[in-house]
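Shared between the two complexes below is subunit A, which pairs with subunit B and subunit C, respectively.
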Partner chain A sequence: MYRKITRENLKKWLTGLKAQAEVLAPAKVNGLWTYTEFNSQELLRGFQNTRLPPKGLFLESLRALFGWKSQGGSLQLNPLSSLDGQRVIFGLRPCDARALRTLQPVFAGDYPDVFFLQNLSRTLLLGLACQVQCEGSFCSEMGIDPQDSADFDIFFREFPEGYIARIITDKGNILAGESAFEEASAEEWKLARGQIRGRREKPLFDLERVQVNVLEYFPDENFWRRISAKCINCGICTYVCPTCHCFDLCDLQMPGQGVRFRCWDSCAFPNFTKMAVHNPREEKWRRYRQRVSHKFNFFHQNFQTIACVGCGRCVVYCPVNLDLREVLLEVSR
Partner chain B sequence: MPDRVQDELIAMATKLFDEGKVDYFLGYKKGTLKFKTSPLIASHREELQQLWVEDFFAVNLSLYLKEIKGRVGILVKGCDSRSLISLLQEGQIKREDLYIVGLPCPGQIDPRKVADAAACEREELEEISRRGGEILVRVGSQEKTVSKNQTLLDKCLDCQHPKPLIFDYLLPGDYVAPVQQIIRSQDELRQKPGLERWAFWAEQFQRCIRCYACRNVCPACICPRCIVEENMPQWVSPLPTAGDNFVFHLMRLMHIAGTCVSCGECERVCPMEIPLMKLNDKMADDLRELFDFVAGVDLNKPLPFRTYRQEDPNDFIK
Partner chain C sequence: MNQRNEFPEGKNIYQPHLMEIIEIIPETGDTKTFHIQFVEASLRETFSFLSGQFAEYSVFGEGEATFCISSSPTRMDHLEFSVKRVGRVTSALHQLNPGDIIGLRGPYGNHFPLDKLKGRNILFIGGGIGLAPLRSLIHNVLDNRSDYQDITILYGARSPQDLCFKYDLEAWSRNPLVKMITTVDVGDKDWKGKVGLVPIVLEEIRPSPDGAVAVTCGPPIMIRYTLKSLERLGFTPSQVWTTLEMKMKCGLGKCGRCNVGPIYVCKDGPVFSFAEMRNFVSDEF
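Our next item is the complex of A and B:
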């Protein structure tokens, strides 16, 4: 089902939604694109994607899990209130939405993570088709169509008069049922598929071969040593990654009370796997090998999907230009 | 930069391998993205053909001397050479293990500033080249000319040492003598009252995601174990709270006082674009004024934080 809306009406519609929900849209804050409260800002001029992925709105970089108090020998746990305010995020890209869907089974397994799941269920995802191939990106290679996606509630394509919306879920249908929208045809939807500027003619690598070969490369110490030689062990690639989801737990303790927090952690850090007597990934080649193998094979063994969406953030923000695309190309050969 | 510099570099590095003088050569190769270079850690003669010289050198290569064991040939600009001096002063590296190839530096171009000067997004830049004292920019089908001073990295604008201070071999090439006695110490922020500066940094550090890229890319950060990762006792929490972030950054700053050569790498790599060089520059100014010390310039001058004097006017250390 398709509907359309003018640019002006889209702004009015989003503003109207603020009466019922927190509405987030891309804007530049301190010079960086980020999802922030929608304030009728000039929408999307020059926007390709946010610096940090939207995963932080679901798996926060800092999240209080519960608190406790001890009094006269008894311990009282204070669970924190559930997250139930409705949210709408407009302007999400297909890569990042796929990443959220990829993370869902991780947090919905035998031990459901209420925070991630509540964040997901209270949020309506409004996607936006890309017009430019982002620098460093390889979304097409990862099987993502930058101009179409079913990972949203509503997915928008721009066309000269405004936006055409593909309504995907019931929630999306209710949201777009308002008069600001007009009916649109499948034909109009098709016509609104634009060209992606800077798109490659041929894929950089064959994903299936990456998935198979990465296991064959696994024991090849020299390969991983060579590939990772310039890595500086910082956490950028994992923190800007929309699918990396490892976290650490830490208590803030005060006399008689405390709070347990969760924060992001990174497999690039030497201490990540440090245990009492042994660190199985002391050397950085083992850590880099783990990151690539986990994303492109181990995660697939567990969840039948690959844990990379090709957004290209790790490629662009790596301080030493350790380009994952080059690594995948080598692995796929 | 002229190809002949690159040819000479490749010839020089090849000779070092052929004569058995080095086990590794540290230089740059062409990056995989526009306006980026990548560190090249060559251990075979054949890899040297990838050596590349251009205007977007990033990564202070002396960083890698922490982990590469053996005799190393290394390419340095002026600021990088100051890091070598600091590392030698700290006893982290041995002079006899190094063969230093110096590159006179014409100032490095910052694509972000080029984009601002050309009034476009960084992603829209297609080509950046030097023409005389100006920078030629291509955006789509348009060509624009912007002045060099608008496009150089801030650190390069008041660089006092564009020519390496320590080297075994100096490549040819133009370098720019200090453009003007600038600016960074006249940073507007410093004129503001303490509370406003506090508010400024509180907001900046609030954004820190604790990826530790600033620390890991820093040649002056030499501790094999960093205090922020100690957990027995835990001095600093790994939680990215405003307070812990503040402690992390200020502590790092204090620890590299006297060895930070203002190479600017920490600020360059910060994914949140926190202006860390404002802190480094303030520290450098204080060291100059209070200790008459400039980091990484004089191999024989003792480091302020490694020096103890009986007649020290402050008694806290006695």
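Our next item is the complex of A and C:
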């Protein structure tokens, strides 16, 4: 089902939603694109993608899990209240939405993490088709169509007069049931699929080959030593990654009270797996090998999907230019 | 748009139960066993676990750490866990006294395969604090002694002072239905048991692999050589079980630390047969 809306009406519509929900959209803050409260800002001029992925809106970089009060010898736990409040995020890209769907089974399953799952269920995802191939990206190689996606509630394509919306979920249908939207045809939707500027003619590597070969390369210490030689263990690749989800549990104790929180951690750090007498991944090449093998094979064995969406952030923000695409190309050979 | 997400009560997977320390047993110079009981009386009735499972223990303000439950599900009067003082949380635990409150999440992980042990000769091989998870299973097996054939326990520590659970070792050596062998790497003038590394003593006592299952836990180096000795004695990889140690935080298969290949040791383990381990354990162990 398709609808269309003019630019001006889209702004009005998003503004109107603020009466019922927190509405987030991309805006430049201190020169960096980020998801922030929608304030009728000039929408999306020059926007490709945010510096940080939206994962932090779901798996917060720091999130309190429960608290306690201690007085004398007694101790009392303070559970947290529910995460209320509906949210609408506009302007998400197909890669980042796929990443959220990729994370979902990790936090669902036998031990559901209500914090992540409530954040997901209370948020409507409004996607936006890409028009430019982002620097460092390889989304097409990862099987993601930058101009179509079913990972949203509503997915928008820009066309000269405004936006054409593909309504995907019931929630999305209710949201777009407002009068500002007009009927649109499948034909108009197809016509709105534009060209991606800077798109490669041929894929950089064959993903299936990567998935198979990475297990064959796994025992090859020299290969991983060479590949990871320039890595400086800064962990920025995991920080900016929309699918990296390793976390730590830590305590903050204040006089008479405390809080346990969950915070991002990284497999790039040497102490991540450090135990009393043994550290299975003390050496850098073992950690780099773990990250690549987990994303491109182990995760798939557990959840039937690759834990990379090709957004290219790790490529662009690596301070030593360790280009994952080059690694994957080598693995695929 | 206005629907409310109810926070399902008691469903915060990260929130522990409060436990009171009822007794602390010093095991060695740096190891203590804690006896703990649920503060909430109803949980004393409903909580259950199986030998080999572990839990996450909280010292509020210091953090959480992972230890196996070292008591047996056949003795549910209270829970026991044993801790060697090595880091932040373990040091904080060692400072606590009876009456103090800690937290417990669990039980987590899989368990020793009691169904595969029934009717078999069982060979327990433990080293140092590695006896803790075996101890849960040993008590479990001894409390249903008639379900099993011969029971042999081989336990080693660096020195007589480093032997854990001395009260259990004494009881087992007095038990006519148990063959108990204790060994130390280096003895002293009062030591009357064996002197020698666990794998070497194992090859001396030459247990038969026929109808037997071996269950081992100890430091990685001991496990490595014990496996080789068992192989020489004719044990097949599916006859040998162990419980793996890996750094864990969540215990729920999410935080990523204990991931080895497609396995999350906390969720898919920690108990594995060596036949299973060969499929995923690499040069990381």
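By definition in this document, the second predicted complex is superposed on the first by the 332 of 333 C-alpha atoms of A that agree within 3 Å, B and C clash if a C-alpha of one lies under 4 Å from a C-alpha of the other, contacts with A are read in each partner's own complex, and residues count from 1 in each chain.
The criterion applied here is as follows: a contact is a pair of C-beta atoms (placed from the backbone, for glycine too) under 8 Å apart; a residue touches a chain by one contact, two chains touch by 3 or more.
Since this is a predicted model, take the numbers as computed values, not measurements.
**Student:** After the subunit A overlay, clash or fit between subunit B and subunit C?
**Tutor:** fit
**Student:** Using C-alpha centres only, what angle sits at subunit A with arms pointing to subunit B and subunit C? Round to the nearest 10 degrees.
**Tutor:** 90
**Student:** Is A:R51 contacted by the first partner subunit B, the second partner subunit C, both or neither?
**Tutor:** The answer is first: A:R51 touches subunit B but not subunit C.
**Student:** Return first, second, both or neither, reflecting whether A:E330 touches subunit B, subunit C, both chains, or no partner chain.
**Tutor:** Neither: A:E330 stays clear of subunit B and subunit C.
**Student:** So, does A:R286 touch the first partner subunit B, the second partner subunit C, both, or neither?
**Tutor:** The second partner, subunit C, only.
**Student:** Just subunit B (first), just subunit C (second), both, or neither: which does A:N30 touch?
**Tutor:** First partner only.
**Student:** Identify which of subunit B and subunit C touches the larger number of residues of subunit A.
**Tutor:** The larger set of subunit A residues in touch belongs to C.
**Student:** Under the stated touch criterion, which partner chain does A:D206 make contact with: subunit B (first), subunit C (second), both, or neither?
**Tutor:** neither
**Student:** So, does A:D148 touch the first partner subunit B, the second partner subunit C, both, or neither?
**Tutor:** A:D148 contacts neither subunit B nor subunit C.
**Student:** Please indicate which partner A:F66 is in contact with in the superposed arrangement: first for subunit B, second for subunit C, both, or neither.
**Tutor:** second
**Student:** Looking at the overlay, what does A:C250 touch: subunit B (first), subunit C (second), both, or neither?
**Tutor:** Both partners.
**Student:** By how many Å are the closest C-alpha atoms of subunit B and subunit C apart after the superposition?
**Tutor:** 5
**Student:** Per the definitions at the top, what is the overlap between the subunit A residues touching subunit B and those touching subunit C?
**Tutor:** 248, 250, 265
**Student:** Tell me, which parts of subunit C touch subunit A in their complex?
**Tutor:** Result: residues 1-8, 11-16, 18, 58, 60-64, 84, 86-87, 99-101, 219-220, 245-247, 249-250, 252-257, 259-262, 267, 282-285 of subunit C touch subunit A.
**Student:** Which bits of subunit B are touching subunit A when the two form their complex?
**Tutor:** Touch list, subunit B to subunit A: 31-34, 36-39, 41, 58-59, 63-64, 121, 123, 207, 209-213, 215-217, 229, 237-241, 265, 268-269, 271-273.
**Student:** For the complex, give me every residue of subunit A touching subunit C.
**Tutor:** So the residues of subunit A touching subunit C come out as 20-21, 65-66, 68, 70, 73-75, 77, 79-84, 86, 106-107, 109-114, 118, 121-122, 174-175, 218-219, 221, 245-251, 253, 258, 260, 262, 265, 267, 272-278, 280-281, 286, 290, 293-294, 297-298, 301-302.
**Student:** Write out the stretch or stretches of subunit A touching subunit B in their complex.
**Tutor:** So the residues of subunit A touching subunit B come out as 30-32, 46, 48, 51-52, 61-62, 132, 134-136, 229-230, 232-236, 239-240, 248, 250, 252, 261, 263-266, 269, 271, 315-317, 319-323, 325-326.
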